[in-house]
């Protein structure tokens, strides 16, 4: 309970900030999306082959595109209040259902990518700091910069070429092999896992580089602080000093950066999901843009903003757990 | 001159930074002198298609699906990527610095308002924003630069604001205020020069990120069709992965090397310009 | 009365191996600390006093070198102990406290966690027993309401309280020697006095020897039995605390005493202007020839610039490195 | 390859499908006894938006729809009619009355009985009102009578020579009246979970992943279907599909499912068969269309010069990798009845092209450029963009500066068919069996209609050509109809509003375990009742 009492004011402040930002995002999205030259009816017309003009006019009327922009915006906001994110012209179903079917895949991919990038990043960062200025350190730093410089889609293509095409170990596409000998839960999990390996690696590579560099710098920084020398003066073993004292303090900047990176990782998932045909929100957003599906585009931008805000809140909670100096929203320690 | 020698002394101590500089120089060399180095234009159907690298003297790096010379594509790509990177970064720096300076120096409601505005761009994933902008407006060079600039200037704004907030408190700025110097003059003549170091450092990383973004856009088919950029070359090679994977691999390596060079150079710059490190 | 030696150091040399060659920070230092005895080391910053302490604890960075004829602590030859054996000594046999209490505690661990960790490191004690012992330790260092304070995080304690926790930590395994490197410098005067009094009581209670290092002559003299004065890496004078005060033998010590307000009240009760010592402390690279204090010594003679003065006897159990004491 | 081909809309008019081309050996294997059971893994791309093939002609909707809903008749390889839901039929000598005897004992998937009322309702309310092609081709059908549940009669105001092909499964699948009558058909809930009489029932659609059609146990044509189910896997990326075909995670994919560069490599694999059966029905072609309102492109000599600057063989060899053939005119060689080769020819000759441009008074400027145009390729398929890049280079060499503009389909349709803000455009089209249905809309001046894609947006209008089109619409005698067609082709090939670049083959990649595919020229767009999986 003590934790909740301590964290409540910070949560309130963050949620208020989040709400404000979300409102700004909504307005921004609406304006951006409606500046688009083409309109969805062209897509639908294009889609249905040789539809005649009367039908095109009917479509415009039906989807309310003839109304003035402000009134469209008012409808949009009022619908938003009722959690109705609008109807997808193209997929003939509410946008919310469409997103909810695709969201789990993206969340799964991102969670794995975050876990992998944090774990690997911290491990590499700590070992590099532990063996500072040795060949291991230089090699890992160089490798980190290399991964940082590799475009996600390119690493995707190469991984597919090697592991899927040449070696055939891993599938190159989709989330599940669709077969019908009833898979038990374990086989299903294993199947999804096999599909998950390459996309997660592609998405995580970039962030492993970032986290390992931050972790290394942070470890070196912390190791120079007084309480480390004091701990060694108390005869604690070097590993105890390194892992229990230095590591935990060095984690603080990494968690901050992890929060900030979530937004860019969601952006990165667009590329990875398109390269691997992963049925997630990223690929859906790309399709939404090319299909000029207004409601879907706005909904995805909104959901992404919500995800980023929620995850940042989680990161703050994590930060408070790690750093007791934070209380009542005043981040002394940060 | 002395400062330059001092800068070079610290900069050259980090071997990696020098490597970055060498790579950067190489890429710029290719970008500028590209057309003179190869007889073919990037789009020109110069030879037999699907030639593997190092099999035909005329095409050292081979040809793509339509027989276009990959080497001249690479050189032209260097020019495209660098120009897009630099243009987008300078636009982003311009917007970001002004917003950051204003909100950092004046603070108060204006400052917070501006920061709230930049926060939007923090919550919307940057590449998704770029995608939306380019996807919506036709994928031309101008729109790509606009999209990248729009999605990256908030990072600059936040950094510049932090710099200005700290520099604003320094005595030499206070004394200028006392002398009755106008606010813009103080901003430009006093505070800006001192915050150039971090701005310069971040700019090289931003150029790298801009190149990565442009490559991703071209890969998704949203690049400028009349520009043979590295991303376009990779997207051309995307479908022939099984038969001719070099078409996608070679430009990918070019991107990695360039971005690597820019990042290493940025690190070197950071150490050389960062007063605290310079003292060691 | 003869005190059994606990820490004996002979011909100690410490230096930094930079690219531009080796620079000695401490040269030919002899020092002995007896059991239960409090020895002070005084000197300006850069005189090598802290480095000496860190050398004893072998906490100096790898770019330094430590050579000595003897660096003996009880049965242990500190120079040649293995890394693991040294870890056994630190905290168990020798405790140490530092200058900056504000940053000497791990911000993300509670006071209790610090204490329990150290206790269990050196002794096979259950967590609950260690915690009880920790509360006792906090009470011993006069921290109010120890039962609640034990679960506090460092940032909620004042500077003085944190230094008390550091002392509790240092003494948690009843070490034979406590090294205190400028323990009160960062604290304000009232708290300084409390800490010093605490150190004296604990010395009486635990019989621990204390090696007190400071630039504050009077603070050291107030609780040390014997004081060593160091200048530019060399021991220039050593004497019992009160002897040093009454009859400072070495010109540098006289200068130091002259530079502190208390020492300036003349016999006629009139305060004279503070005298400060001209010049600057030389660093390891460009040491003057001959006596190291010669450039700043008011009584300098030709001989001082040519040769280094050895340590001459100056009164009972006192010595100083100045030719003027040479009673041929 | 433009990355967007993986979101291929069928902006190709109508449908691009192909049947499998079986070598003789394969035909012999069919003599084996079909085996029950198994799951057919089939590719469907891009993901359909609806499954209601009554109001949409895009291929992925029809690819799925033809497994669920059936039509009155099917077509044999010589386009003759074969019984389907109609057992037998008789056509009045004047071609104005078509009577069909329906098969009895046929049930809808929800158990209701299939009757002539369903056919009447579908014709009058769906094909004639909503089906993009049906609106035109069934215009002359004035009434549909259902004297008894087993008989349906079509009354025509004027003969429809192509009614035979239009009534086949491809364009005219029948829908349950009891589920659609009185509803807003376009938004009917069954549009995404269709009910039909076909061999497979709709079971599941997981967006972004797959669709499943389950075996219909009480299908009227016992013992078919042989398969347990068909899984339509949504793999948006061509290279992904190629990998899946190779690793047998897909057994059948078409049309043009994989990057053309990979086709020959896949064809060489032991377990795969690559063929283009079905091109005959759809006669796919790639057009370069000019906007005749453009001041310079409006001149016919300029268009002829540009025609000379296109090496069709290069396109076939390096862009289609042999999966196509040079086009002599705007009518496909597959449309045997209508095709003629005695038309004006424009062999590849850059010198002649330059001469024509000089003659037209378009001298090279200081920078060597005669004039500049924009080129908007459709980005649905990678090959259109590659051809655009190829044309840009060739036109460059003869002094015509081309700027490429690529944008997604919404913007392309708006530019070419609504705002007419384009100079030249490249797209693929399907001319179907009968040119009146497939080809007339591009050249008939009456077909110009703002906002409707894949119609005459080149503003070509030639009085004589319009007359000939009107004659063809109702002329029943095939010889006379052919003569009209030949004249149309000669005129168009002189005027060149559109330069036909290549006949494009539509290839399918099919695993050799899949048998019984070759049933009709529609190949993949058949109901797969007779398809089975051999055990090898």
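To keep things simple, chains are lettered A, B, C and D as they appear, and every chain counts its residues starting from 1.
Everything that follows uses one rule, which is that a residue touches a chain if its C-beta (ideal position, glycine included) is under 8 Å from a C-beta of that chain, and two chains touch if they have at least 3 such contacts.
If you're wondering where the values come from, they're calculated on a predicted model, not measured in any experiment.
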item: Contact-richer chain pair [A-B vs A-C]; value: A-B
item: Cα-centroid distance, subunit A relative to subunit B, in whole angstrom; value: 23
item: Cα-centroid distance, subunit A relative to subunit C, in whole angstrom; value: 54
item: Gap in Å, rounded to a whole number, between the CA centres of subunit D and subunit A; value: 40
item: Subunit A residues counted as touching two or more neighbouring chains; value: 37, 160, 165, 274, 289-290, 292
item: Where subunit B touches two or more other chains, by residue; value: 135, 138, 219-220, 238, 241-242
item: Multi-partner residues of subunit C (at least 2 other chains); value: none
item: All chain pairs that touch each other; value: A-B, A-C, A-D, B-D
item: Footprint of subunit A on subunit D - complex, ascending; value: 3-4, 7, 9-11, 13-14, 39, 41, 46-47, 49-50, 55-58, 132-133, 135, 187, 191-192, 206-210, 212, 228-229, 231, 233-237, 239-240, 243-244, 246-247, 249, 407-414, 417-418, 441, 449-455
item: Residues of subunit A touching subunit C in the complex; value: 225-227, 229-238, 240, 244-245, 248-249, 322-325, 332-333
item: Subunit B residues touching subunit A - in the complex, by the definition given at the top; value: 16, 116-117, 119-120, 122-133, 135-138, 208, 212, 215-216, 219-220, 234, 238, 241-242, 245, 248-249, 252, 255-260, 263-264
item: Touching residues on subunit A, where the partner in the complex is subunit D; value: 37-40, 42-43, 45-53, 56, 90-93, 98, 101-102, 105, 160, 164-165, 168, 171-180, 274-275, 277, 279-280, 283-284, 287, 289-292
item: In the complex with subunit B, residue positions of subunit D that touch it; value: 1-4, 238-239, 242-243, 259, 261-262, 265, 314, 318-319, 379, 382, 385-386, 388-390, 392-393, 403-408, 411
